[in-house]
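Labels A, B, C and D are assigned to the chains in the order they are written; within every chain, residues are numbered from 1.
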Amino acid sequence: MLESLKKEVCKNNLALPKNGLVLWTSGNVSARDKDTGLIVIKPSGIQFDDLTPEKMIVVNLEGEVIEGNLTPSVDTESHLYVYQHCPEVFGITHTHSPYATCFSILGEPMSIYTTTSAAVFGSAIPISKIAAVGEKAIGAEIVRCYKETACPAVLLKNHGIFTVGKSATDSLKAAVILEETAQSVYFAKDLNPQLEPLEPEYVKEVYDFYQNNYGQKKTN
Amino acid sequence: MLESLKKEVCKNNLALPKNGLVLWTSGNVSARDKDTGLIVIKPSGIQFDDLTPEKMIVVNLEGEVIEGNLTPSVDTESHLYVYQHCPEVFGITHTHSPYATCFSILGEPMSIYTTTSAAVFGSAIPISKIAAVGEKAIGAEIVRCYKETACPAVLLKNHGIFTVGKSATDSLKAAVILEETAQSVYFAKDLNPQLEPLEPEYVKEVYDFYQNNYGQKKTN
Amino acid sequence: MLESLKKEVCKNNLALPKNGLVLWTSGNVSARDKDTGLIVIKPSGIQFDDLTPEKMIVVNLEGEVIEGNLTPSVDTESHLYVYQHCPEVFGITHTHSPYATCFSILGEPMSIYTTTSAAVFGSAIPISKIAAVGEKAIGAEIVRCYKETACPAVLLKNHGIFTVGKSATDSLKAAVILEETAQSVYFAKDLNPQLEPLEPEYVKEVYDFYQNNYGQKKTN
Amino acid sequence: MLESLKKEVCKNNLALPKNGLVLWTSGNVSARDKDTGLIVIKPSGIQFDDLTPEKMIVVNLEGEVIEGNLTPSVDTESHLYVYQHCPEVFGITHTHSPYATCFSILGEPMSIYTTTSAAVFGSAIPISKIAAVGEKAIGAEIVRCYKETACPAVLLKNHGIFTVGKSATDSLKAAVILEETAQSVYFAKDLNPQLEPLEPEYVKEVYDFYQNNYGQKKTN
């Protein structure tokens, strides 16, 4: 079942190491099927080289495994919490990408210093409170930060990042842009700690332009 | 039409992720055909893995799509502005490469600290004023900085970089060398913020030597 | 003999460059066979591209070569010392991965700032005293640090890192997570030198959860 | 002629991008043939992807092209100067690898902080005076630094690095280890600028051990 979505979720999981966002097994992408509401997610503790669409796990919104022989990701509960509380979210990406995780360790929202991050995020990236691993507490923090800011990326304190989107690919894109931006911002703040971020009004203007003008005609 | 130039532009676009200059879709290379004056540029929002020469877009100097089924890059207007105002430019590269973008965020010209950057750029890399995304304002800032300094690379404030050249490959080379140099200069300034750049006279001498002695006999 | 273990050890050695943990030949993985107690280890000074399972060296606990035409790794004595003194260890990884080696040069234990490192290490990563290359002195320092802390990773002062585990793969995982974490912690400490690590009680709690909940059912 | 040496030189040139030491065309490896005294070197300005053994250039010690249709590397004169003045050198590598180049920009010898660099270099890496590009002045500075220190690596001020060895591979190894070490040392000095290097006596002891114990039986 859900063969096409399994392929998409698998491809986006494989894009994590390819884009330098994860080493080993510490990252995952999931998606929600529009028709059935079921969730497709990566199995737990499997190396990326060994991932195939067939190994993806299908769970329902309550976390019961509907299809798949492997244990779903240890982060499944966090993903499900977000899907339960955010009906507009159809894809979620979680990583410990090193530059973004730096800002999650620092424990403050990451301000916007580039037009690219302005275009994708629209506001500073919020930072969660600290939460336990694999618990609903993580999902609750993501939802709180996301609902308060409408920013599709959340820095999870002392842990890593979660991004949400209209599809698995959409959430992956936010995770890639977040890491790319975090890298340049880290370098710049390192050389000039007093650096001023972009004005919120300018950030908003860039965001509005980009949301309306970029990319090919979209179907999702 | 322009099959050979499409191949070259496609190859140079693919060289962006290969040289660590871009993630996702945020970068592009274009070229101007010497005979027709038409511009070949990357389509918007297409992942690099999916680029082929056939997908390249042909536009005229006014931005009308002459050939191609996809929307041209959101940065097309900026590229066109440069081609319109700089008849000697036949290739343009745009990236958000992380180390060079660090200097674009810092907001000052990047001085010359290595013989390699002296040889390719001949002077400090100029920094633009801030400009809106996808607007002629970006093109105008690139042209202003380029004409004022004759430097083939421009740091675009809080955005990324543009490089120009006698061909797509020539502009790509400048973008690669800029990122490589920015990396070493970032490290060195981080350990010694008072570091002195090379003397402008020495930079000029290295530039003149290199322009006359490097590489195979050139046809463009 | 030990064909299956040779394959596993070879695969884990090849994972070192793949995960960005080593350049050239400076790193190695070994494993102990459960039935015979023999050790399989990388040959010395062979480039990773040229490694095959057949080139792996089998030595006994006293360091005599049982099978293999090449000289075993110059670090073999250190590995053997650990196997001799820690019967629960069945895999060892040694690298000079750059971020973790930074902390080994700094010469202090590396505190825990992320839930991932809490989950894998359970406590701050201990730092050894300085020791000579290829000597039992290195093995003795690893064993001392490991026994004092129960942490599966040790920073070897001014040298690099050793990790131990229940298998070659298990020790490699610890080496990958250590480097990934060291990278984010380096960035964060660089921007905020006064940064506070996670509370030891929280680290312990995350560690206990993760040891019991992560990954597929294990056979080793 | 010299087919085997051309293969070796080509392979070592290809190892430059593979080990992250160069982007674009800015780096080169050469070797001297033991029987004829002729030098094999990379052609100038050719991208690494397009290098083949057949494209390697054979020159004599005076710089006359003996075989090859392309222009030899712009750095050929520097390589030749070293071969002319150092009869024990049979391989030379030149790069602008970013972390080592950071130290060449900083303009002071790079002290030894790790046992690996102690083992390979035996003393602090010397720094040259500044010199013009492609001139004998560069060769003269390399020779001066090398003869004064016996260190097989030289930081070329505001330029990059040169390493020498008993073969092309030997010089490449020094270039790889230099970059790997420079990276960790940069990180450590960034977090603690007052960091003390290893004692010269300890560096010497590690060097002597390593020179006599590492790797397989050697034929060159």
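Convention: a residue touches a chain if its C-beta (ideal position, glycine included) is under 8 Å from a C-beta of that chain, and two chains touch if they have at least 3 such contacts.
On a predicted model such as this, the values are computed, not experimentally measured, just so you know.
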Same vs different contact residues, subunit B with subunit D, by half of numbers used: different
Chain separated most widely from subunit C, comparing mean CA positions: B
For subunit B placed onto subunit C, the superposition rotation in degrees, Cα atoms, nearest 5: 180
Centre distance in Å when subunit A and subunit D are each reduced to the mean of their C-alpha atoms: 43
Averaged-CA centre spacing for the pair subunit B and subunit A, given as whole angstrom: 30
Sequence positions of subunit C contacting 2 or more other chains: 190
Chains grouped in pairs wherever the two touch, ordered by label: A-B, A-C, B-D, C-D
Residues on subunit B engaged by subunit D in the complex (per definition of touch): 19-20, 113-116, 119, 173, 176-177, 179-180, 183-185, 187-188, 190-192, 195, 198, 202, 205-206, 209-210, 213-217
Subunit D contact footprint on subunit C (complex, rising order): 23-26, 43-46, 70-71, 74, 96, 98-99, 101-103, 105-106, 130, 132-134, 158-160, 186, 189-190, 193
